[in-house]
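Just dropping this structure here.
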């Protein structure tokens, strides 16, 4: 195995949770070493954070542009190879673009950009750059989600005819009913959070999962949002009817006001031969519905799983792994791609996933705004 | 307690499953005695069946009209008081109508009629008759569904803003993919089965459940069906977006091709203060989602349940009751109504439920056929 | 099918829960008709109860002896055929004995007798009588328990080497910690309740289940009780180590002070080829543990189930049946036996089960009292 | 925060799973840096492994003694501060002892030693050394196990009267029935694996959990093993009755032949006021049984959890963490102890846990060998 990949981090300082998730994920398979960073907008905070997590401060830069500039001065075998972009959403696009233009690999938090147009530009940029690009639809890193994909690919369900994905959370409920709160929180301010709250933040994950697991693409969609209050401009709940082929229909349901729900992402796929169900909060169980045979419950680490699934499990059956391990699996795939090793296309979500996500979000808004009509995906 | 109510049965002979369900339900609380019947179209079969289940054959009639005619000749205190209609769907309306017109109480299987127009006529007939009428949306008889209704009524969730009901089965899957089968099975023949398969048979239950539990009414809906094959004229899968008030949105999902699913009816209701979830296949668990307090799991028979819920439980906690007991609870409510005793409006589904069900079914078809547009419920 | 079996009921009047359970169970499969009874010690109460549940009062007798005497005067084809004994425990033995001696069939609530000696006498009485005798270990009536038995019999687990049965309840907890309460409740008074509380009331069910499902017999046992208080003379919790053959070991765990538990009876059986797990509170799921294949979840009503299991299911998969249906299955088996029809030995628990239950209870007490030593079952 | 703690690793090279677990756990909270190691008995393998995981090879030593010797030559602020012992069991004692005698902190895999005598010696050694010592009973690192401990400590269950811990695995099943295999596998060879297989490897975890969560100590025990075959000298299954105080009874059940089970560790504790249940394979759910209130399901990350529990959760509710995170929590506690920071006594298992574990194992063997008699713990 070659030496550890030199990782740069943008954002994720202070008490950032996403920072912890990416940092731990990068460590888990012994593949990455953090060599440079801009953890915080404030340089001093950035340096303090580097000290706090005890990494060298010599390549903590005052801002993103300086990082790029200074790193490019370093010999190639010392230079940051890949940057993880964990900054506020509106910075994802300019940072990713510049990094790609300068030959860096990129791991980008979701949403990849704030608009579909930006996403298309980024896609073109990547095509020229030829580097590795991943967008962190983390849930695709779970071994049983990977197993779902591989089983469907191998025909375990036969022809798919029905998909149903749900992502229900309740966290905005305590905010939305208070006029003061709902008008001030950045998540519900279109200027700061983009055109969609619920669909943009979580619905897009559910959308990604149905494309990831089935290998099919949504062709057209019809969306209805719920804003809950007339003065609220952002969707906090929505349902999207989707068509993924002739007579292949389904739906994406998302809510941030499903009071009491935590992070209830579930995927159900049905085909001619059977069904598959998975729930994010119990990620180590995959339910195979058979007719007329008994239901089966698949779990990680068993030899009956596919290579792609087993690749994402570190311990024997019965030792539950979680969200950090899912993200670590994505980092592992990226590492293989950077090193030019062979890897399965399902090991990490790519630019295509990012572009489609933005296309989805904008289309849900377009459908809703035009009175819940069918709109076509690109 | 007065003497047992004299019950007549229409249909339900031979190896009819619905026959078993109603018969057992009528026995469970010692309230009914079967005194007359037309179990089968063939008189001899009817008599044989009466012998098989060992009830007197003297009031087994050769057909429905004879039953009405002969029973009316009997003194009122011997005459059938209530008839359970378990015949093929198209007979529900004429039988119910004639029974009401002749002063009988009626327990009618679902769908109450085959068209909304018939339903309206029946409603008018009932208004004149002033007798008791129940339509057997059986699932409303479960103690924890009743508890859900009572908790919502008492404000446990605060203002409701989101409802999500699912009814997934897989039984048509083995039929639908075979051209021969799908063109011959009566359930997929509009002439025999009415205008809708999936929504008419099971979607309407899910619809009923969200109105039953929330006490709200669906105002408008938008529906998309899946027929799976161009030559199939009946929906085997569908999703319905519903609006139950300003900013109160939700959906009804139904499928007969969710391969491997058995009878997966689930209801989730979310409001300002919390959520409630219930699953028909595990009917003795009601999940109360609280934020920020821990999830609670309510079970039947405990003193913390409402009167309406406790009324439907016969044994102490931990002794699971099931679908027969749910139907028995509906029969119990009807018995009380027939006897003029006090009862809770949630004890059995009424004409209103039947009318709304037909209204729902026809509107889902209308919405779909017009290109998935919003249509208003009456 | 012959006419309904003429059933007599002893006890179970007033608001008796066991009365409801047996009465409903007798109705469910259209096999029984209640023709005579002594519902209550007080004759007037008995008659009132008969009126309340609306059955003829002409064969409501003033006491048990009168019932026997008068019924014997009736022609055989009018006479009660089988009596269900639902009286206080100490009456089970004399009533059952007299009934058998006079040619009646008997369905006896558990415990069959209050001592092992009585049980042996009853067994001898039955041998002479040659009638049908059932003791209501109700849980054996569940379709998935029957499936467990049949799968094990057919070798699905290979040679059994480990059994683990649990029956945890919490209902005595609010009583046991109060000196006044624990010294007055009849259940904790050895004079009224026999030699064991926890093991006699519920542990014996768990014991019965491991013998029923495995087809093996407990050879020897070692028991440790917990009385919780020095002044309490009855076990409220206990663990029993059991040996069911060479190197076939297991345990029966029972508690009435597992605070918050309702009726948590679970059975796990492990053998060379796999394991089976079942839980009474979710009776429609049977877990088949396979190694190295995925876990399977079997449910009632599917064609993959055994005849004995399918025989106990009335509706298609996904329509949950419960404890009333389990008891009804036992009544169904008894009806077949009474009619001289063919039946599977697993359809109802017999005298052998009753005798072994008493043997078990007395041995647990003996083991505990002698300092938790091994004692042999007869 | 001070600089990262300098960690040495003994064992855990090659494809060692325990190596991955400890390495990842040490990374997760940014507290440790691996600076030295003897990964493998073979020096070259050790160096190769260091290269593979890309850590400096200059302090990879040829053997343990050399590591100690060379590290002691380094200035104190460069020297390894704590060693993780992941070697075969028989090396735990001599390594730990020497490390303690030379002033190193120690994280030792379980079992801490191979005999109770060694454990006592090690305890004395530690007393003199005054350094930090942890034994990795990993499951105590789960947030909901910690929550269980804190709730019990704060009286949520009142006085405890019943404990029931289970650790069922099935992995030895495919080995034990084959005479050739069972006589050659090192785990079933007393010379290599110590005096107990099942109780020593997994039963001791269950034992540790009941002491960890209740704060009580087992006073005496009675144990029955199952060897399955006469020629097998090691227990592969066993049940232990335990007494933890007057009228406080319980049991530890462990099996390696519970065919099909993976890593099914469950703990149930009952007291006057309620019960608590937890299952290792679904570690993010803690069930609080209340009487007469509804069951509650507690999950990590919510403000209703104790400080000790919240301390072990990195992400918001609904983001499942797993076994790596549990071990990371133990490493975090050890880091605090090494740095002299304040920490809760429940943050990592200590020498006391190690000593009691060995005492338990030896007593189970003693009890079984003497014919399943009660023996006292020290």
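By written order: A, B, C and D. Residues from 1 in each chain.
Here is the rule we use: a residue touches a chain if its C-beta (ideal position, glycine included) is under 8 Å from a C-beta of that chain, and two chains touch if they have at least 3 such contacts.
A quick note: this is a predicted structure, and the numbers were derived from the prediction, not measured.
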Of B-D and A-D, whichever chain pair has more C-beta contact pairs: A-D
Matching chain pair for A-C (criterion: over half of the contact pairs shared, by residue number), options B-D, C-D or B-C: B-D
Taking each chain's C-alpha mean as its centre, the one farthest from chain D: B
Whole-Å gap between the CA centroids of chain A and chain D: 35
Inter-chain centre distance, chain A versus chain B - centres from mean C-alpha coordinates, in Å: 43
Where chain B and chain D are represented by their mean Cα positions, the distance between them in whole Å: 55
Chain C residues counted as touching two or more neighbouring chains: 261, 288, 295, 299
Chain A to chain D touching residues, read off their complex: 1, 3-4, 17, 20-21, 23-24, 27-28, 30, 33, 51-54, 169, 261-264, 280-284, 299, 314-325
List of chain C residues in touch with chain D within their complex: 157, 161-162, 164, 170, 173-174, 177, 222, 224, 226-229, 237, 239, 241, 247, 249, 251, 253, 255, 257-261, 268, 270-275, 288-291, 295, 372, 374
In the complex, chain B residues that touch chain D: 288, 292-299, 302-304
